[in-house]
Amino acid sequence: MSTTTQLLPATPADEALPPRNTAWRRFRRHRLAMLGAAIILILVLGSYAGPYLIPYNDTYIDIMQRFAPPFSGAHVLGTDELGRDMLARLMMGGRISLAVGFTAMLISMVIGISVGAIAGYYGGVVGSALMRFVDAVLCFPTIFLLLALAALIDPGVTSITLLIAATAWMDVARIVEGQIRALRERDFAVAAEALGASDRYIVFRELVPNAVAPIVVAATLNVAKAILLESYVSFLGYGIQPPVPSWGNMLNNAQIYLTSAPWLAILPGLLITLAVTSFNFLGDGLRDALDPRMESH
Amino acid sequence: MEAGSGDILLEVEKLAIRFRTHGGESAAVSDVSFCLKRGETLAMVGESGSGKSVTSLALMRLLPKAPLCTVSGSVRLRGKDGGMLDVLSLPESRMRAVRGDNVSMVFQEPMTSLNPVQTIGAQITETIRLHRPMGRRAADEEAVRLLDLVGIPAARQRLTAYPHQLSGGMRQRAMIAMALSCEPSVLIADEPTTALDVTIQAQILDLLRRLQEQTGMAVIFITHNLGVVAEIADRVMVMYAGRVVEQADVVPLFRQPLMPYTQGLLRSVPRLDLAGRRTGALSAIRGNVPDPRRPPPGCAFHPRCDFFVGGRCDVQAPALDVTSDDRQVRCLRWSEIAA
Amino acid sequence: MSAILEVENLRKWFPVGGGLFGRGQKQVKALDGVSFTVKPGEILSVVGESGSGKTTLGRTVLRLAEPTGGAIRFEGQDITTLSRRALRPLRRRMQLVFQDPFASLNPRMSVERIVAAPLIIQGGISRAGRQERVAEMLQLVGLQPHHAERHPHELSGGQRQRVGIARALIMNPSFLVADEPVSALDVSIQAQVVNLLLELKERLGLTILFIAHDLAVVGHISDRIAVMYLGRVVELAEAGTLFRDPRHPYTEALFSAAPIPDPTLRRERVILQGDIPSPIDPPSGCAFRTRCRHALPACAAAVPPLREVGPGHFSACIRDDITLQASVSTP
């Protein structure tokens, strides 16, 4: 059976296509999101490359140089109550805070996408049971849950990351569940089934890629949320334990020196705000850029 | 169809519509001219995106406002006093009265143009009272009369029904009733039967024909179904890529289409009356409908045309020629082709 | 010649409404006892109004919807209750083309990826082999090689439908269900796709279950035609016979309502009164009797069975004593 013969007059070569990458172009138009992305890039680079570029170690204690204010001497951003260099500490703290944020996001995404996809695809009893569970967990105030859990276990970078992830996956599950439930009714999902595709193929190769837009947005916002949660828990003393610095426990430390050495609180506070706002801006920009309804004609 | 000039209800000349979009300015419709006589049905046919809906919306002045969309040319509509109204320059307040009173419209998907949370009765009486000084009671009676007229059984009970409680065909009837409430002299029907089944479509076509006989209104009927055109039209206007490419009375158009696109279109539809006698392949028009935002140069149909001549058709944009028997055709080679 | 598909008393009911634990639940009888066979190499068309169960029929025979009852035999094998895993190898031989060419193509995938999907899913072919097959298929359906990198939204409706057809044909199926493959297309493009399907049938010996509501297209393409009304087949015959000698009043009405593109043929129509009844509470007896101009009291008594009224011609109407309007005059 020869199938290579052409049965129809070919469609004529079409005119030039509109430029691709419209999502990137839309994103670039979003000023705040571009700014957010730039700030995030600087924060990441600063935290990871920065410590190699400055002459101070974040744990080096210089008793002679306690409470040096910023821009007053060799320490550009001043020193803390033990004479440790603030810039170095902020950089190392950034490593921890950002790493916790990203890792917690990744874990929460994996859990959220899996739960959401299973619930959305299978629906029925399994689906509603899963989603009711998600709703129940969501009803719990996050901070409360986090503090309760943190009080029970030994705080550390790994455990805090896992805890944050455990409180952040439900939103993702909800978003993904809704998307998958709508998508699985679409003809292209039926088409895949008609080709003999397995459930896993249909969910992860056909459906989930169509939900990337909301997933990416949720991921970005989750990083912001995780950074904030980490700071919050550490600030309350249940999170990352000194001497390992994180923006949150630096803030906690700074409380008693609020009037005498305000920069100890202002600097980490500023960075937390900056990071969280930047991720939120980035999320907004991605939401607009990835929304197919914004497709310009 | 002999008629004095007083019988002309609508005159459209050199209508052009441009949209401003992200990609820049684009011409959706250009150089559209036609006129419509009392009691006449003009069918507007063409592929998706050829500008049928946009043209009809321009007649109703329902397109987006100035910077987004610019309309030029002239649209003249006979008012109830017998004088001609210049639709494109009427103030908005006057235009609101003209809509419904002189010209009204029925859309393809009745569900999207009916208010889902208001009863059919409320929507019809509201339209009636907007245009005619009438008490609630009287308007209700009038609504019942209209629903009766369009063949909705148990009309009085239906007044309290919501749109979703009616079938597609009934909703379309309700839309027609609403459009007729002020006895407009021109009714524009934009694919009123496309979403309906053939048996329901037959009911609606029959209804429109009867109403037209009774009231003498003129109808502009937009469709892409040539069967429907043959069924109801007096005159046919074929659109391609935003331009009128052929205009003629229905019988001559079907008997001897002049423009190659019309010819191809008529050849490519299978005929039910020849059904079951396998007649081989249909003669399809090759290629694709052009992107209306980037029409090909010269004659917009040239990439798909069998009579295409390089250096002519792809260079010179053909004008709308008027033939000796008062047909209009836009093709550089129509007289050679016809010979 | 043995049948490629045999459908026996097929039923598909959808539960609707009803509270918790299905109290007060009703059934939409989308298919209520459908039987027919499809012979190898033929095009059997299914026509009927919206909601008559055409799409449900197409999906159920491919086991994309679970039948409520009845039997489906594909190439002699009973597939009514086969598991998804057991169906998988059969899917190479039975395929589906959708009505909406846009909705049935994954918007995130390139044409190449979409057309290659069956090969990826069924496995056993190298990447290079896949590419080659895809190129062959694109050429077969009249697409250019450069279309392979496009995404569905960068194609016209006709081109998208060709992609859908290429995907359905890449595994060399023997049986194709085409669910209104031209309804969403522009008139001038419809003919291209109809011609393509006819050519495929001729050259590849493809068997097609063609679902449509445009009678003219159906008349042009079919060998045999099944007319459906409210989940049942009411008439089944050779295409020529059906148009010349319809035996069910619904077929007559359907033909009569179809507009003919010839203004000199405006004719007296049989215009059906009323709407298609709700499939939740279909009328008793013959479901068509509420709109039928030939109905008798006896029509309400029992569901008329599909009886053979001529060679290979079946009709489900109890009245043998009426002459119906033909759609075409006898030549």
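Order as written gives the chain letters A, B and C; numbering starts at 1 within each chain.
Here, contacts are C-beta pairs under 8 Å (C-beta built on N, C-alpha and C of every residue); 3 or more make two chains touch, one makes a residue touch a chain.
These numbers were taken from a predicted model, which means no experiment stands behind them.
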item: Closest chain to global C-alpha mean, per-chain Cα centroids; value: C
item: Farthest-lying chain, centroid of Cα atoms versus that of chain A; value: B
item: Euclidean distance of C-alpha centroids - chain A vs chain B, Å; value: 53
item: Computed distance of Cα centres, chain C from chain B, in Å; value: 32
item: Distance from the mean Cα position of chain C to that of chain A, given in whole angstrom; value: 48
item: Overlap residues in chain B, where contacts from two or more other chains coincide; value: 286, 288
item: Chain A, residues touching no fewer than two other chains; value: 9, 11
item: Residues of chain C touching at least two other chains; value: 156, 158-159, 192, 195, 199
item: Residues on chain A engaged by chain C in the complex (per definition of touch); value: 1, 3-11, 13, 17, 186-188, 190-198, 201, 206, 209-210, 212, 292, 295
item: In the complex, chain C residues that touch chain A; value: 59, 62, 64, 87-89, 91-92, 95-96, 98, 100, 103-109, 117-118, 121-122, 136-137, 139-144, 146, 150, 153-154, 156, 158-159, 162, 164, 167, 169, 172, 192, 195-196, 199-200, 203-204
item: Contact set on chain B toward chain C in their complex; value: 47-48, 153, 167-170, 197-203, 205-206, 224-231, 233, 250-251, 254-255, 261, 264-266, 268-279, 281-286, 288-289, 304
item: Residues of chain C that touch chain B when the two form their complex; value: 49-50, 156-159, 186-192, 194-195, 198-199, 213, 215-221, 238-244, 253-266, 269, 271-276, 327-329, 331
